[in-house]
Every structure is written in structure tokens, then in C-alpha cells.
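Shared between the two complexes below is chain A, which pairs with chain B and chain C, respectively.
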Partner chain A sequence: MNVKNGGGFAIPVQAPAPLPADELLSLREIDSFTEELLTQPEVEPRLRTICDFWVPARADWALVTLTEHPSGVLKIAAIAHRDAQRGNALLERLRGQPYKPQDRLFSSEASGEIALRLQFGDRHIGVLHLGIPPAEPVNAQLLERIASRSAVGLHNAQLFEQQRKIALSFQNAALTTELPRIEGLRFDAVYEAGQAEALVGGDWYDAFAVADGRIVLSVGDVAGSGLEAAVAMTSVRQAIRGVAQVHPDPAVMLAAAERTLRLQHKDLLVTAFVAVLDSVTQECAYANAGHPPPLLRTEDGAVRALRIGRPPLGLWEFGSRFIVHHAHVPPGSLLLLFTDGLTEATRDILEGESRLRAALEASDILVYDNVARRIHEVVLGQRSLDDVAILSVRIESAREVWRWRLDPMWADAAARVRTEIRAILAAEAFSAPHQTDFEVIFSELMSNMLRFAPGTAEVILEQHGEDFVLHVLDKGAGFLFVPQLPPDLFSESGRGLFLIANLSRDFSVVRRPGGGSHARVVLLQKDGATQ
Partner chain B sequence: MSEAISGPEAGSAIVIKLLGGEYDLARKDALLEELLPARSASRVILDCADVAFMDSTALGCLIGLKRAMIERDPKSEIRLLALRPPIERLFRIAGLSKVFEIVTVE
Partner chain C sequence: MSILDHSQEGARIDAVRRYDILDTPQDGNFDRITAFAAELFDVPIALVTIVDQDRIWFKSRHGLEEVDEISRDPGLCASAVLDDLPYVVESARKDPRTLANPLVSGSFGLQFYAAAPLKTADGHRLGTLCIIDREPRVFSPRQAAFLERLAQIVVDEMELRISALRVIREAKGATVSL
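Then we have the complex of A and B:
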């Protein structure tokens, strides 16, 4: 702590001595100053608190300069004057400029000038300049203590703002992913960082297509705020993304998120909702870990909440499983995923929820170009104290697909469908070897059905962007696919599904909600893609 | 259609020209029947020139044949002649290019 003589007074620097009774007053003053200083975390309100302490009660004017990094130049950050208007005018003119006492900004004053160095550890935070009337007795200890508290308060506020800035840009960078563009579907999203005293939180939303054309949706909220929450948010979100590429199953994706959280951020709690949307079957499979359930607006305009799930990630017992629920989402449906900032803005969750429902039930909601933005406007208006993430998914029209029904028992029927599909692929410029690959794949799927799921199958061919996806849906007991060769080279069976996986870009089998299996194969169409 | 090769190794070497067409689950029994004469041989040459299609069921039948042969004579071998490239690729992907001798004829 350094007390410099900047103007008319010499301030003696004393070693702290036992406080005489008359200094108890200043102790109380220091306490109330400190309390006031801590009410707001940002730099600007703290500067105001510091100036208000001095002006007008104890000084004619006050001026604070802060050290700019990395130049080390002191620049004016706050000015207060007994004449408030004059103070404001000066600040407006001089903010961000270096302060030169020789400019004699306050030359008309009769007061002398004291300069107090604001120091925290080895960090030079800035300088507090005060214009103190000569008649005023100067309590050196009070000066010293207030300056010291001011330095700490400003230092912490600077750290706070720095962290907030980093977290915000981190989160913005992580969240600005392009939403998928898929025929028949419409995605819109809003993310708003919390304002006022709230820190940047760990809210996220995500939507992307996996290889076979299914859409993975996720939304979540990391409890806590700041950089750690933002970092945890991205690692959890990426865990979900990564697993989705190999196994887009909501329960598996949440399990991966849970493990990631435990390994990397074991003290944090995360609520998350994950869904897999299949626009071909118009089914949405989802799982929820403590997140506010998304709302589904059905084609008749009714709104219902999806089923709730288990506790948040981070609270899980090992070995417990996530339950996957299903919702039917025909054209005309609208899914709304959101974080609790949307419903808790009024500090009355029930009111927030009913406001949200009403907004979604509104008959004109589908007219709006950006449903997520519209919901944000109606429910929150301008107030968003907390972080808010909203993702809306509209199912606008059914996918146009080729469809067949057949029983593989009848070899002729299977052969006919195979020929028809091959003709379609040939017309779509599939190379001859890849047409053959398709035939192998089709044959393997039919054989597999005959073995495990006798009965009628539904075969669907779908174009998804450039890719063609072959779907085979059966009603059998379901089979599991392990993408490995049989361990015994001489095994006579167990190669069929392996062949499919190796002749295709992507192959997966999932259990259907009503029983049975759904195999999806993304066909290869050009040479040189696989070996 | 099969014919035994006459000569010093008669009875142990056999050439079978597969009927051809598409071999899948629906023709499993037919394929097994075609391969029947080979089960007692220790060298089999399968002429696949007319085979347009094979799936894993057909591969399984060929593996079954090889097993039966090895049980009697561990040095047994099956040569596949004139496999069309897409089918040859299937053998490679299924990890069977070591189990069978694939003879490419230019």
C-alpha cells in the first residue's frame, strides 16, 4: 500500500497501530463501504461505489484510472464531482484517456489532490485521485484501508468480467453450429446469454443428422456458470455427438454424457434431453436426465409435455439405465426443446410454464418463420435474466420414399423387390459393382429376417441428400448386430451382417417401439468408396 | 454337373462347374446338392464362371464343404475358378480369401 503525494498534502504512511476508540467510526465506515462494494460483481458499479464513498461527503472530486493490459498505461475509468453534471461531462469527455495531473482538470477547486495507488499483491490495478478540501482532516488509516479494499474489489471485478467474456465467446463459438437443412423438416433455435448479475451458463442445444438420415436433437443445462460450466457443456455435448455417429440411441448417448461428466467434471450436475428423430417412420425416440420435458404440439394443435426422465447426470448410480420413450411425430407436429431460463424468468415456474404452453397452443404459431424466436418473444419479452436456449423442430411434410411390403418366405416376391430397387439405383447412376453390393445387402437382410423374424417386412428406399438409405422393418423378436467377423474363420454363419456393414457406408439395427427391428443401410453408390 | 478327373489322383480331385445364376438362401439346398460330390475329395476346383451372385449363405455352404474335407484330410483345398470381381470382393471382405484359393484367370 502506497500513499503518494500527488497534490497539496503530504500523507504520512504509518505502520498499523492499535486502533484508538475514535477510529471505531472509520472501521464501521470501512465495513459498510466493503459491503456496498460487493453487491455487484462488475467493474462499473464498483467504480461508482468507490466514487460515491468519497464524493461529495469526503471529497470534492474523485477520479479513478485503471491499468490497461498489456500496455500498462493508466486510463481514466471513473470521475465524480460534487457537481454531478460536471463530473458526468468530464467522464464522457475523458473516459479511456490517460490522466495528466498537469492538465489541472479541477484547477478551480481549492482542494488539494491526493493520489492513492490501488495495488493488489503485485498487480497495479490503478490509481485513485481525490480532491480533498484543505480544511478537512485526513484520516490516513481510513484512506489506506479504503484504497486497499477498492483495489481488491476492482481486481475481482476485472477477473469476473474477463472470465465472463471468455466464457461467453467460448460458448458462442461452441453453439454456433449450423442447424440441419432437411427436406420436410424445419429447425430454428435461439440462444441468449443471461444478463445482469447472472454469469454465462452452460446451456446448449444441438441438432444434426447422422449418416442414415436420422436427426439427433439435444438440449441441456450445466448447473453453475462461468468458464467451467461452458467447458463442461461442450464436453457433454460432444460426447453425445460422438456416440451418435456410431450408435444414435438416446439411452446410449446419455450414458456417454454421464461418463464424460464423471471423468472430466465430477462435481457438476447436468440436465439433458436427447432425442432421435426418424422422419421416415415419423417416430421420435428420446430419453431425459432431469431436464424440463420438451413440449410436443400435435397436428391438431394440442400441446403435451414429453415424458419426464431420471435425475440429472452426475447424480446417477452406476449401472442404472436410461429409459427410452417414443413419440409419434407425423407431419404437422412441432417439437419444442428448451432450458429452464424460458420458464423460470418470472421466478414463478408454474406461471412460466402456462405462459409457454399458451404461446405454443396459439393457432398462428406455425405462421411464424422462426418459431423458437417467436416463443422467446412471447414468453420472455425483453427479460432474460438467466441463460435461455430454445430449439424448435417442425415436421412439415412426409418424406417421399419408395415403399414395398413383402414376405421373404416367397422368394419370388423378394426377387421382384430386389430387381425394382436395383433398377432405381441403376437409374440413379449407381456403378455396377455397387448395384451388386446392394443385391448382397438385400439378400442378407432377407435371409436374416427368414431366420429371426418370419413374417411381413416393410422395405423402404429413401433418398437422403446424395445418399440412398435402405430400410427393412420387421415385426420379429429383433436381432442384434455386432460389426465383427465370426471369431472362427471356418464358421459357416455370422458373416451376413458383417458383409452388410462392409458393403455399405453405414449400417444399424434398432429395436422398434412396438417390437421388431428396423435395419438401416446407407448404400454406397460410386467406385472407390470402400474396400 | 460334376465330373471326376480320371488319372493318378482319381477320386481325390474333382472339378465342379457350378450351375450359375444367383445363390442365396432360397437356393441353399440346391447349392449343397451341387457340392455333394466334392465332400469326399481332397482337392476341389469350383468353376464359378456362370455365378452371377452369392450371399453369405452361399459362402457358408462353401465353408461347410471345406470343413468336411479338412476333417478327412487336413491338406485339402478348394480352388475357386473364374470368380466374378464383385463376388471375389465378397470373399475378401468376409475374410475368406485365405480359406479358399482364388484363381484369377486373365
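Then we have the complex of A and C:
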């Protein structure tokens, strides 16, 4: 056959000569060995493949040691013997023990020993020791080729496991969450990294309290896997946490997450759900960006999804806003947040969803303290292939609080409430200056009520560990809090609320779903400092 | 809270009869007062009640369409007419005076009650002007004083009404006898 090149010269090409039979066999053997080796990405299965190639077909025994870096010590990683039981027993006893090439584990055997260095470039991977029966010499070329492929295979597997370990520890560190301890609420959570995926994914859950005692819940899923997904997940989760401390509004938190994603991880898509739970009013405000809607089980056993439609983060349209919805969560309610790994394990979403619903509707679900774990067990069993994050919140009992309903228009009614609260604070050893702070705060709140929200108000005093939170709820037109100083410092409208903000540890006013406002003031206590 | 004095109660029932008001139709003047009371105190229900021998009958019932009389169980209106001072129950489920009353313990769900007795010039307490809510509330002395003033207006209305009735009856009687 002749091949013309551009210049018109013909280059003779010789057809390859047929290979000798034994060489052909060797190539086939090497090929199938390599294919087998690549089936699993981890070290342990590859060691097994290597041993299985030699023992018992071509060798009496095989022993693989791997170099421990950086010490350089060789440690036993795999042992196989013609007598399988003996091989396993030895491995169990000696795995991880140092073994030098001079050591002769099988010195009593009749076989001749070969030791092959497993080397990848200038990296010493380990040593392959083989016991070859004297009557069956082994093809040197085969030996060398298998050894070199073994070295490459083991090197890659080690790299893979190292990467995975880094991503996992990173993710574990990022996800370590101590669930809040709040009277009347019970939390449980499960996180499992996927097994089918080569590397860890980007699922997360989070639950924490903010200064005024509200609880923020979040759950989400960064598309993709590996370290990049894990890092993006942490960024988004932290953005939500950060904003929550200043403004625990679900729409604002999702907007912050969206912004973080656009700035730092432009090409990733994230689904996220954020909720703010108020155990005093038993209300839950939430917003969703493309994430599977959480399920709410009410006391009567009915289960419904907290559904609203918004696209995932990363598909942000300029100027679009997340909408906040509300759900009532009285004692006896159970909220379940999760990622799609829970419902898509069998790849049949409808089947997964109905399994989940059934598990949640079951009347015995309330018996379990660890609801998230129970759900995981019932819905997935052993079948978890993808990442799964599950967070459950059970509202067990109403918060014990001091509560007054009054019309601030009647000054003596307001005065009485103020006196009663003052007595409670005094009994709790509030210092005199901080009691005065309370007096001012209360007066300002009542004045604002009179001006902007006439009618009945609800005043609640709540104890949170060491903190006291004063709530004032009204039904009226409501007033908006402007956190910065008004242009006229002595103007009636802005000054009062500015005062409150400066005399307290934390102050916020939010619109209530049914109309009116809810003001929350975290009172300064024994040694609190102003902001 | 004073105990039911049977001789006093007898005189009181006579006074109730004299005002000729039980089982009469709804009257705009009284309804205006209960509406005003409900608005002023921001409560859903305000009533003008007349305490009869074995029942409590509502002359005006703002916010309560279904019922126009109830039995005379202890607590609430039945107790309110036993004293001249306003009768206030801020949290009915916790108050020993009222927690057994069916309106409190039952499905009606009464949790707040404040009443000023309707006191005639000769000192008889015919019934109450009362306000009701289904959630507890704080009720101050000033608020109670206002309620008393409104109750006085109700009594004035009743006096005017009974005087007018007498005049009409006398005129009729004169006509008939002619």
C-alpha cells in the first residue's frame, strides 16, 4: 500500500507482521486486566483485581505493599494465596504492617519469589511480590506490563481517594451544624454524601436561631459534584447565615444567596428553600428558589407541600424578587425539609414522593425523636445513591410566655402592663439602667402604636435563655422601621424607633401576614453593650 | 360580690317588670350604644342585658346574631347585677368566678367580660351593659369608668322610653274612657 504525501512522494508502509501466538495471548490478557482494573475507582477493589489476576492462575501467592508518604515505609495492603482462607487470615492479621522487600512471609513455600517495583514516573507506589511455581515460568514482558499498569491504576485510585477525602472533610466541616435547642421545638437532621457519584455533591441543610429567637431553616442543592460544588454550597449557605443575622427575611436571604452565586460561582445552578420560624406567633414565613417543596404535617395527620413556584438561583432575572409565603405551625405540626436525593433514589420521582408522603402520614412518625433519620430509613433503606440532606422540625408545645392584650389608647391600661413587665424584669435582676431602657422602649412602642396602629395590641414577653424579647403586635396600618437617623433628629416619626434600636440588643419590625406589624426588641440585660 | 338576697331580689324583679322591656323588639337607640361600646373598646360583642328571674334576656346584641337569651348561670351577668361596681373578668378561663360558666367552658369560647350594671334611680340593678371577647384582655379602671357612663346612658334611654310609654297609654286610656 502506498500513501501519497502533499509533495507527491510515496511513503512505503509495511503491514505489521503477525504476532507470535503467546504474545497475542499476553496482549489480550493485559487488555482484559486493564479493563477490569478501571471498573472501580478506589484502591481496595483495584488491589483485589491485581491479586485475582495472579492468584491462583499464574502464581501461588501475591502480596502488595504500598508506600506510605512521606515516610517511605512500605505497608502490607493486599495478600492472596492459593489457599484462600489462609490468604484472608494473613491479610486480616497483617494489613497495614510494615514489610520490607527482604522480609520473606512465604519463605517456607516451594515457589520462587519475584518482587516488582510499582512505579509511576518518579513516584514510588509500592512493591508487588509474587510466588511463582518453579514449573511455570512467567512471561517477563507480561510481568512488566501488568506491573506498570498496576502502578498507574493504584496511583490514580490513591489520587481519587485523596480528593474525595478532602472534599468530604471540607464538606463535613462546612456542614457541621449543632441543631438549635429551643424550648417547644425538636430538631433532627441527616446528611449523607452520595455513593454512586465519584465525588461528594453540593447538598446542605442549616438550622439556627437569630438574636430575637426566630429560627432560620434552609436546605439546598448545588448542581454538580466535587470540590467546586462543595465550595459553592458553603458560599451560599454562609451568605444565607450572614444576612439572617441582620435581616431574617426569606426573600432577602435568597436574594443574597443569588448574588453570591452570580459573583463567585457564575456557572452553577442552585436550588434553595429558606424559612423563618417564629415559635411565639406559631408562624412560618418561607421562600423557595426551585427546590423541592418541604412537607408540613399538621396535628390531624394531613400532609401538604409548601408549594410556590420560583426558578432556581443562577437563573436570576434582573429585578425579580422572591415572594414570601406564610404557614401556620401550631403545636403538633411537623415540618420536613429535604433534597431530591430522598425522592429520586429509584429514579422514579412519583414513586419516591408517594413513599415519602406515606412515611410522613403514618401516625407512628410522631413517636420518633429522630424523625429525619426515621424518614431516611423508611424511604431509602439502603438505597441511597445520591447526596441526601433531611431536616425535620417538630413543634411540640406552645412557648411559655407572658402575654397581654390591651388598647394603648387607654393610658392606664398601658401603664399597668408596663408595671407588670417591670416587676418581671426586676425579679430577673435586670440592672437599674437597663430597666430604664425598657421604660423608654415601651413608651416609644406604645406611642407609635397610638400614632400609626390604633386598636388592640398584643404585648408578649418571652424568655430565651438569658435574653428577654419584647414583642408588640398590632393589626393596624403598621409602621416601617427605618434603621438610620432621620434628617430631623427630633422629628416624632423616626426618633422613637431610632431610640429603641439604640437602647436594645436587637430591634426589628416586620409586616404580619394578616395585616399589621410585629415589633421585636431584644432587651439589654446585665452586661450587654449597645450596638 | 354580694350574695343573692331573696327579698332584695323580689324587689328587683318588680323593678324589671315596671320597665316593661323584656321581650320587646330591637330598638335603634340601644343598638347604637352597643355598637359604640364595641367600637370604643375594640371588642366583637357588646350587649344590653336584662336579668330576669330565670333567664338573661338581650335587649340589644351587637356582634351576636344567633342568641337573644340565655339561662341565668352563675358568673357573668348574673353576678354583675349583684353589685354596683363594674364586674370585670380579664381572663375567664382562669378566673374562679367564671371558669365553670357554660359560655366560658363550652364552644362559645368567652374569655373576656366586662359589665357595668344598669342601675335605676331607686337603686335597682336591672341588667348590664357588657362587652365580650373570645380572647383575654387587659381592662383598666378608666375603661371601666367609661363603661359605667355608657351604662348610665342606657338607663336614661330606658327611663325615657318608659315615660313615653306611660304618656301614650294614659292618652289611650283617656280616649277609651271618653
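Rule of thumb we're sticking to: the second predicted complex is superposed on the first by the 358 of 531 C-alpha atoms of A that agree within 3 Å, B and C clash if a C-alpha of one lies under 4 Å from a C-alpha of the other, contacts with A are read in each partner's own complex, and residues count from 1 in each chain.
As a working rule, a residue touches a chain if its C-beta (ideal position, glycine included) is under 8 Å from a C-beta of that chain, and two chains touch if they have at least 3 such contacts.
Quick caveat: nothing in here was measured; it's all calculated off a predicted structure.
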Touching partner for A:Glu161 - first (chain B), second (chain C), both, neither: neither
Dominant contact partner of chain A by residue count, chain C or chain B: B
Partner chain in contact with A:Glu36 - chain B first, chain C second, else both or neither: neither
Partner chain(s) touched by A:Val417 [first = chain B, second = chain C, both, neither]: second
Which superposed partner A:Glu192 touches (first chain B, second chain C, both, neither): neither
Which of chain B and chain C A:Ser447 touches, first, second, both or neither: first
Contacts of A:Leu499 with chain B and chain C, given as first, second, both or neither: first
Touched partner set for A:Glu439, first chain B, second chain C, both or neither: first
Doubly contacted residues of chain A, that is, touched by chain B and again by chain C: 411
Partner chain C, residues of chain A touching it in the complex: 403-407, 410-413, 415-417, 455-456
Partner chain A, residues of chain B touching it in the complex: 24-26, 53-57, 59-61, 63-64, 66-67, 85-86, 89-90, 93-96, 98-99
Chain A contact footprint on chain C (complex, rising order): 41-42, 135-143
Complex contact set, residues of chain A against chain B: 411, 414, 433, 436-437, 439-440, 443-444, 446-447, 450, 485, 489-493, 495-496, 498-499, 502-503
